[in-house]
Amino acid sequence: MSTMRGSSLAYLIRRLAMFALTIWLGLTLMFLIPRMAPGDPIAAMVARISSQAGRVENSEQMIQAWRTRFGLDAPLYQQYGRYLWNSLHFDLGYSMAYFPMKVEDLVRAGMPWTLALLSIATVLSFLVGSTLGALMGWPASPRALRLVLPAALCFTSIPPFMLGILLIYVFAFGLRWFPFAGAYAHEFPPGRNLDFVFSAVHHGILPATAIVVTTMGFWALGMRAMMVTTSGEDYMILAQAKGLRPRRLFWMYGVRNAILPQVTSLALSIGGIAGGSVLVEYIFTYPGMGYLLYQGIVNNDYALIQGMTSILIIGVATAVLIVDLAYPLLDPRIRRGDL
Amino acid sequence: MNTPLDNPVLRVEDLEVRYGNLAVPAVNRVNFEVRRGEILGLVGESGCGKSTAAMSILRLLHPPGRVTHGRVLLDGIDLLAMGTREHRALCWKTISLVPQGAMNALNPVLRVENQIADAIAAHEDTRSKGPLTPRINELLALVGLPSRVRRLYPHELSGGMRQRVCIAMAVALRPPLVIADEPTSALDVVVQRVVAQSLLDIKNRLGNSMLLIGHDMGLMAQLADRVAIMYAGRLVEIAPVADVFRAPRHPYTRQLIESTPTIGQRRPLAVNEGGPPGLGTRTAGCPFAPRCPHAMPRCANEPPAMAQCGEDWQAACHWSAQP
Amino acid sequence: MSVPSWINAKLVAGSTVILFVVMLGLLGPWIWDTTQARVASCPLNLPPYGFSPPNLTFQPAQLAHPLGTESSGRDMLAVLITGTPNSLLVGTIAAGIGIVIGTLLGLTAGFMGGWVGTLIRVMSDAIITIPSLVVLIVISSYVREISLTSMGLLLALFAWPGTTRTVYAQTLSLRERGYVQMARLSGASTLSIMVFELLPNLMPYLAACFTASVSGNILAATGLEALGLGPSRIPTLGMAISNAVRGAAILRGMWWWWGLPIAMLILIFSGLFLITIGLDEVANPRLRRSEGNAR
């Protein structure tokens, strides 16, 4: 039993190390990019801030904050250390476009929207897609289900933001069923009341649909393949011989095993889904972190870009860590043996 | 009065199984019966159709394999003629399976107790019979496993323990017949003996019959009461195991016995001259003739039929049928 | 049958689609005046021929511009003909480099094992977890003017880990096969085993990785372009979408402006996707079987 505990502890340590490594790698990239870009972009940036500063109060303070954040006069390793330290403490400096707001305040405003949209859409897509795929790969399923396959394939090749454009055109512009922008109606500001909740759901349906429909096919295809493999396994044959009810056979012997690689694949896809959602938010002017990132690009607000990106990288790594840590709950081969 | 002889547990009549459109059936009009309380060994090389026959009896044959002829009578009821639902309700209660030792026959994500409970719950109203735990403990004790095994997952068990869990699961509903499909294959020699002993103990304690599938005549000698030898989809000899070892009637049976390694000395395999014919080629005469040391001109043209050649002893061979 | 068994319907359909798209890019400039892809070369806001304008502020369609024009006076057919090959090119450059790096690293990790293998595996896993599109957005926002080729190179930075994972897994399983062991015992060098024994067996996987990667990189490139971060002087399909979104084409009912480039991209994605799953089935015969004769 002690070896069991050892292996699960090793798993935990490995996952945590991956988490730290990913964040370190991502933040280091973010540190290097402005310094490696041609034509000393930081100098250009400071110049741009100064030129814009005329119309902003406290411009001196802002430029100074910017300079200390990059610590341009300090040696590189000090700049790097300070940058990592600040990023990990979510001290992201002042936004230029929304001065005197701090980037962390903007993150705080955008985070809930992105978090809600992405987690609901991803979980929904994963569950519905996997269930569909499981049914498609199950030998005893009705033949008609095989017709779902071409549809799944079809939607898998549409990127979320492009479907988003189509959805806006049909359901917001054409049919006027849903709003085409924003996350809630302005007459219902965020608060603990049903009006706001309904408004937020109403605004969230189209962007969520854009993500769910386009990613669902991916899960369906993966699950189908795994289900085909699983239904040929020896334990499946023995379970059939035992005369189990088809439902039990399907869920506890089929799906329960076939879902394991899907979860691994979920962890690997979170980064891509988050990236794609930046574009979805942009198309729907959905006030999440992706849209703020776009605002940063439009306004040359490098503090906002850097800050948003760092938070997105840390956020995705955290989501991956959560999935990785949940995995042993599904697969006893990694779980602690003496629980 | 019913004697064990005229009231067998299982009677297989003219069973024929084909794979797709292949010319030769994988199981070719096979007849045998499993008597009450006996262990019948079904022996042959891999690919001879013994596992296919077992899977047909269990109705676990997967396409493109299909039963094209024959009946499988369990206590007089034809299992192959039943509806799916009806058969599912009956299956583990009447015939159960101990899978090949090499297989990962246990669901890796369920505890041992849940897998045994699954088999029970599928056939009994478990709510009315109280908790299953004591029953599961008892089953595990029957195969010599401590009750803590109940809470473990398959990957936490050794190969031998896993196989014994399978045996415990097979007798959970006290079926009159257990089919053991190469139950000791791929286990190491010491574990093989433990598993074989478990099978024998179980049979002696519970009085069930057993159809033991294998290629190892040594194991048959240790466990079986009678053996049925299969070659290229046909039954070639069926007799009490002691008789067969003393004086095999079919040359193939003899080769099988001679190829059995005995403790201390390992004779070279005598069967290895060529292999059985494939399922694509039809043979007019005896399928064993090309490898048979006693082949006669007649063997190439005329397939031998099973014939009585002693009390409770049948063989299909022109050579041994000669006066 | 005379058709080789590895050719399946999906592979044929997908290749046909991609061939059509490539031909459009190659032959298009000979049949159509592609200078009309420049700003202000045509009348503004014409709907495609045969369609009525969304409202009265629009001019009626003209046969001279069969797919319509947009608000800066570009002919949509010319935009498609010039933009499509550029989008394909970016994806192919990135995928090509990605596949070479990915294969080399995957083979090395799978065959050498040890700390080198661990390092490669850990790095590729970590990079997969980083939201690459976000990082690319940041890079592009610093490098405001970018060429098509540098964009392909940029995308390649994140295009290798998927291949590395696949190749690594396959190498591990192939390594234990008889013929590789044999080659080893007969004293073949690691390099020659990799090239002559492993690589041919990896081909279907690599081909599937490649098509999937082309598709993924076109998507990433289009995303960057749609945000206005692509090459600003070279017409691409993403740029057309970006122009449409900024020109409020959706709310003005100018569906052809965004719809045509999107339709073209979906065509490309579907073609590549069909090829990918077709190749997957070649690589894993088990998947193929499940379709035909599952009960």
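A, B and C label the chains in the order they appear, each numbered from 1.
Following the convention adopted for this analysis, contacts are C-beta pairs under 8 Å (C-beta built on N, C-alpha and C of every residue); 3 or more make two chains touch, one makes a residue touch a chain.
Predicted model, so just to flag it, every value in this text is computed and none were measured.
Peer 1: By mean C-alpha position, what chain is farthest away from chain C?
Peer 2: If we average the C-alpha coordinates per chain, B ends up farthest from chain C.
Peer 1: Which pairing of chains accounts for the highest number of C-beta contacts?
Peer 2: Chain pair with the maximum contact count: A-C.
Peer 1: What is the distance in Å between the mean C-alpha positions of chain A and chain C?
Peer 2: Measuring from centre to centre gives 22 Å for this pair.
Peer 1: Centroid of chain A to centroid of chain B, CA atoms only: how many Å?
Peer 2: Taking the mean C-alpha position of each chain, the two centres sit 54 Å apart.
Peer 1: What is the distance, in whole Å, between the centres of chain B and chain C, each centre taken as the mean of its C-alpha atoms?
Peer 2: It comes to 54 Å between the two C-alpha centres.
Peer 1: In chain C, what residues contact two or more other chains?
Peer 2: 295
Peer 1: Touching residues of chain B toward chain A in the complex: what are they?
Peer 2: Chain B residues touching chain A: 58, 60, 87-93, 96-97, 99-100, 103-111, 118-119, 122-123, 153, 155-156, 166, 169.
Peer 1: Mind listing the chain A positions that touch chain C in their complex?
Peer 2: Touch list, chain A to chain C: 18, 21-22, 25-26, 29-30, 33-34, 37-38, 41, 137, 139-140, 146, 153-154, 156-159, 161-162, 165-166, 168-169, 173, 180, 221, 225, 228-229, 232, 267-268, 270-272, 274-276, 278-279, 282-283, 293-294, 296-298, 302, 305-306, 309, 312-313, 316-317, 320.
Peer 1: Touching residues of chain A toward chain B in the complex: what are they?
Peer 2: Contact set of chain A toward chain B: 4, 233-235, 237-245, 248, 252-253, 256-257, 260, 330-333, 337.
Peer 1: Quick one: in the complex, what on chain C touches chain A?
Peer 2: 122-123, 125-135, 137-139, 141-143, 215, 219-220, 222-223, 226-229, 241, 245, 250-251, 253, 255, 258-259, 262, 265-266, 269-270, 272-274, 277, 284, 286-287, 290-291, 294-295
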